[in-house]
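One chain, chain A, links the two complexes that follow: it is found with chain B in the first and with chain C in the second.
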Partner chain A sequence: MKGPLSRLYLIELRRIWTVAAAFVPLGLMLLSTLMFFTSGKFSKTYDVARFAASINISLVVPLASSLFGVAMVAADVKDGWLRTLLIRPVSRQNYLLIRMAAVYTSVVFTIVVAGILPNVIVTNFFVKGDVVFDLGRVLAVHGVFLLQALLIVSILALLSCWVPGVFNVVLLAFWAICASAISGYIQAFHATDKWLAIMKDFLFPDGFSKSVDAINAGMSTPIAELAWGFGALGAILALAFWSITKIQVDKGSE
Partner chain B sequence: MEARPAAVQAENISKTFSPRSKNAVFALKGVGFKIDQGEIVGLIGPNGAGKSTLLRILLGFLNADGGGKVSILGDHPESLVTRKQIGYQADSHFRSNTVSTRAFLELHALLAGNPAPTEEVDGILKHFNLTNAAGRKLSALSKGMRQKIELAVAFVGSPKVVFLDEPTASMDPPSVFELREYLTQQKAKGTTVFFSSHNLTEVENVCDRVLFILEGSLIAEHSLAGTPQGFLEESFRKHLVERKGL
Partner chain C sequence: MNQRDTTYAKWVGLAAIVFVTVGAVLEYWPASDAIRWLSFDEARGVAANQNKPIFVDVYADWCGPCKAMDKEVFPNDSVKNILTSRFVPAKINGDDPVTGDTLKKQFGIRAYPTYIVLSPAGKERKRHIGFFQKTEFIKWLNDSTGLQILLWPDLQKATFAAQGQKRRIMVLILQTGDDIEAANAVMDDEEVVRAIDKHLVPTLLVRGNIGEEKLLQQVGASPKTGMREVIVLENSGKEVGRFFINFQMQYDRSLLTSKLLELAAK
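== the complex of A and B ==
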């Protein structure tokens, strides 16, 4: 099935890359270039890894993943694409794997265009102050935020199996906001409570974003944070691949 | 000699939409039937009778209520072995403004197991008079053209059992004649076809047997061998009068 599945992957990419989709990397590139440029122009020290992390983790990765992963599975159920595929000897898991691979490829392309190239250009041509370039840290940070993108795509795939249309993105945003609010509340009012402090760390799968912070803070290998990130990624992928076997491909009635 | 499994076998299929709501819809009630290999069987009934729901359950796209059983060529409808041997034309048509007709058909041929699909796709495009639409995006086609493409997709990969949902609904008369001719050829090749339709003449012209469905129940079945023209209309009217007093 190697040939047919690679063709399916190319078709999935073609389906994603409509004219409107081309504005996602372009728009994000304009926004991130402005942010990198401002940081490069006005900072005394331009730490490449730190700016790459802050702009990608807070802007490019979540927005690119959300825009390409919106209604990832739900839209395919609604417009009949999933039905037209599954009449063929394609397993539901293969479909999800290829769908996620196509979305993730698009997200990685957007990260390169909007999150990496502007940083390279600003670092080389527009920084006024000193440039801090630690290759090991730069590579580690980029590797981890690519994992963060995979995590978000996986969460969106999982949610899209169960909720219609754009609600996978809405739910994810709601989850992140609630987790952040509860975490802030615990930090402010129950900081000494050991159990609440542990619970706070598990409200949202933020192991990879915490790893990036830890790497930039000078920690060589943030094992606990990475373990939490990989654990969450594994669990979410397992749930997504289980969910795709449970959904009804056709929800309509005559 | 080992007996050939039935092309399609359904036992006690029921489906209720929104079962816990007070507006629950009982779409299918204990439907059961068997289609032998090589038969062309029509499923007819008025709008909302449960035809599309039945087809979707047979194909595993929709879950039936507990207790029912479906097999296609003796296997589960969702098994990959079964999927290699079936084709389906849906009543709603997939659109895309980035995928062309040819790419769509070639993908289906590849997935159906043809490693070099160009020749097969050329033949199907020619047969369904879609050669001019080959390079056009699916969203740029008329409803009738998209229906023909869905029909073409159903026959890609020379499936043993084909399910058609209202195949002539948006077609012009010449296309209906072509489809009739194509189904006759498929029958000669031993392909089993199960199709739902409102078009009694069409069903009468191509089918060996017909199943009547009304309000989610199969109310009758008739063999069409040797029946006079107009038999189906008369019979359908009679069943409707009996059941609904129309």
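== the complex of A and C ==
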């Protein structure tokens, strides 16, 4: 199966990288460079890991994942591509695996171009204050926000199995906003309620983003946060793989 | 070939269950904590009686690093020994609508966890924001010298010293206790230290510290801004001049030095 799958991976990459797609890393690079540059120019101390985390987690990772993951499965169902594929010896799970791998590769490429390179350039040439560079923390933070990108791609894949077109991104944004609002409400009015506090932990999968915060706060290994992150990633991937075996390819999710 | 094969879903789902179980155990298993934490008011009373400094832990229930400190650092025997023998430990829940809000404003808390060491009289000596490794935390607690600017005499002592040495007083005003470490880095510059040692008697006032609002009014501190202010006074208390430490001065300490020298000689 390796031959057909690797060919399929290349085909998926070619389908993703249209001329329009090239504007995603370029546009994000412009935005993030501006943010890194401003931070480097005006901060008293430029903590490389901290700025990498804040700009990537808040801007590059969610935007890159959403732009490449939009209608990930639904579009393939709608235009008949998935039906055509499944005539070949490719299982539905393998199709999803390859589709996600191609999207994730594109997201990682975008993160390197828009989230890592500008930080390297600003750190070396434009920082006015003191530079704080802790290699261990820098590597850990980058590793974790790449996992955060994988988590977002997985959520978009799962949602795209069930909702049409761009609604997977819309639904994800709605979920994140609702979770944040409910968390804020619980925190403000029921801060001491133990069960609501536990419920709050399950509203949105934020283990990886909490891990980044913990690493930047100076903790050695945020094991509990990482376990939550991997748990959420596994659960969502499992649901996505299960969903792809259940959807109707002929009718489409629409 | 089975198009609807669910092998990946099963294996990945199984791994997810393992991770979620590990996460839940680590997150919700009660941490052993033998330190008897007091409320802030209780701690002030005990500290005044025993003449011990107060260690204040400002936390929030939702804060990951705070929970990690409770699980990983505070139960450590060395930490417990130091905290209970040399300090009066107090905890403040920053989200508590009754006490938390007031104390958060009083100490200018902007992030969790914040650790503050107060003198027995309640005056801030040093603070740290964020998680500590055990060894770093012990070192921080053991570091009796603290930051250099915290060793500066208070305004009254500085005035006496200035009169004795026939020098002028330099009052550094910080807008919040959060700024102490960063301000120390600026004032600890070799050139700046030399200029102060030679010509001035320095003192520090921090907005929000207990009992310092009156002193701020006494020296005529400018209304609150985001910047550090320096006021140079005659030893009689009359103002010689003042300036804000701007970005240029922070990066080019010779500018700060020359401004201080200018006011010392004016």
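One rule holds for everything that comes next: the second predicted complex is superposed on the first by the 251 of 254 C-alpha atoms of A that agree within 3 Å, B and C clash if a C-alpha of one lies under 4 Å from a C-alpha of the other, contacts with A are read in each partner's own complex, and residues count from 1 in each chain.
We adopt the following convention: a residue touches a chain if its C-beta (ideal position, glycine included) is under 8 Å from a C-beta of that chain, and two chains touch if they have at least 3 such contacts.
Because the structure is predicted, anything quoted here is derived from the model rather than measured.
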item	value
Which superposed partner A:Phe241 touches (first chain B, second chain C, both, neither)	second
Partner chain(s) touched by A:Asp201 [first = chain B, second = chain C, both, neither]	second
Partner chain in contact with A:Phe174 - chain B first, chain C second, else both or neither	neither
Touched partner set for A:Gly231, first chain B, second chain C, both or neither	second
First, second, both or neither for A:Thr84, with chain B first and chain C second	first
More chain A residues in contact - chain B or chain C	C
Which of chain B and chain C A:Gln93 touches, first, second, both or neither	second
Contacts of A:Lys210 with chain B and chain C, given as first, second, both or neither	second
Residues on chain A lying within both footprints (that of chain B and that of chain C)	86, 89, 91
Parts of chain C lying in touch with chain A, wherever the complex brings them together	1-10, 12-13, 15-20, 22-23, 26-28, 61-62, 64-65, 68, 93, 95-97, 130-133, 136, 182, 247, 250-251
Residues of chain A defined as touching chain B within the complex	3-4, 7-8, 11, 14-15, 17-18, 79-81, 83-91, 248-254
List of chain A residues in touch with chain C within their complex	42, 44-45, 86, 89, 91-93, 97, 128-129, 183, 187, 191-192, 197-198, 200-201, 207, 210, 213-214, 217-220, 222-225, 227-228, 230-235, 237-239, 241-242, 245
In the complex, chain B residues that touch chain A	17, 25, 27, 47-53, 56, 59-63, 78, 80-81, 83-84, 86-88, 90, 92-99, 103-104, 106-108, 110-113, 115, 153, 157
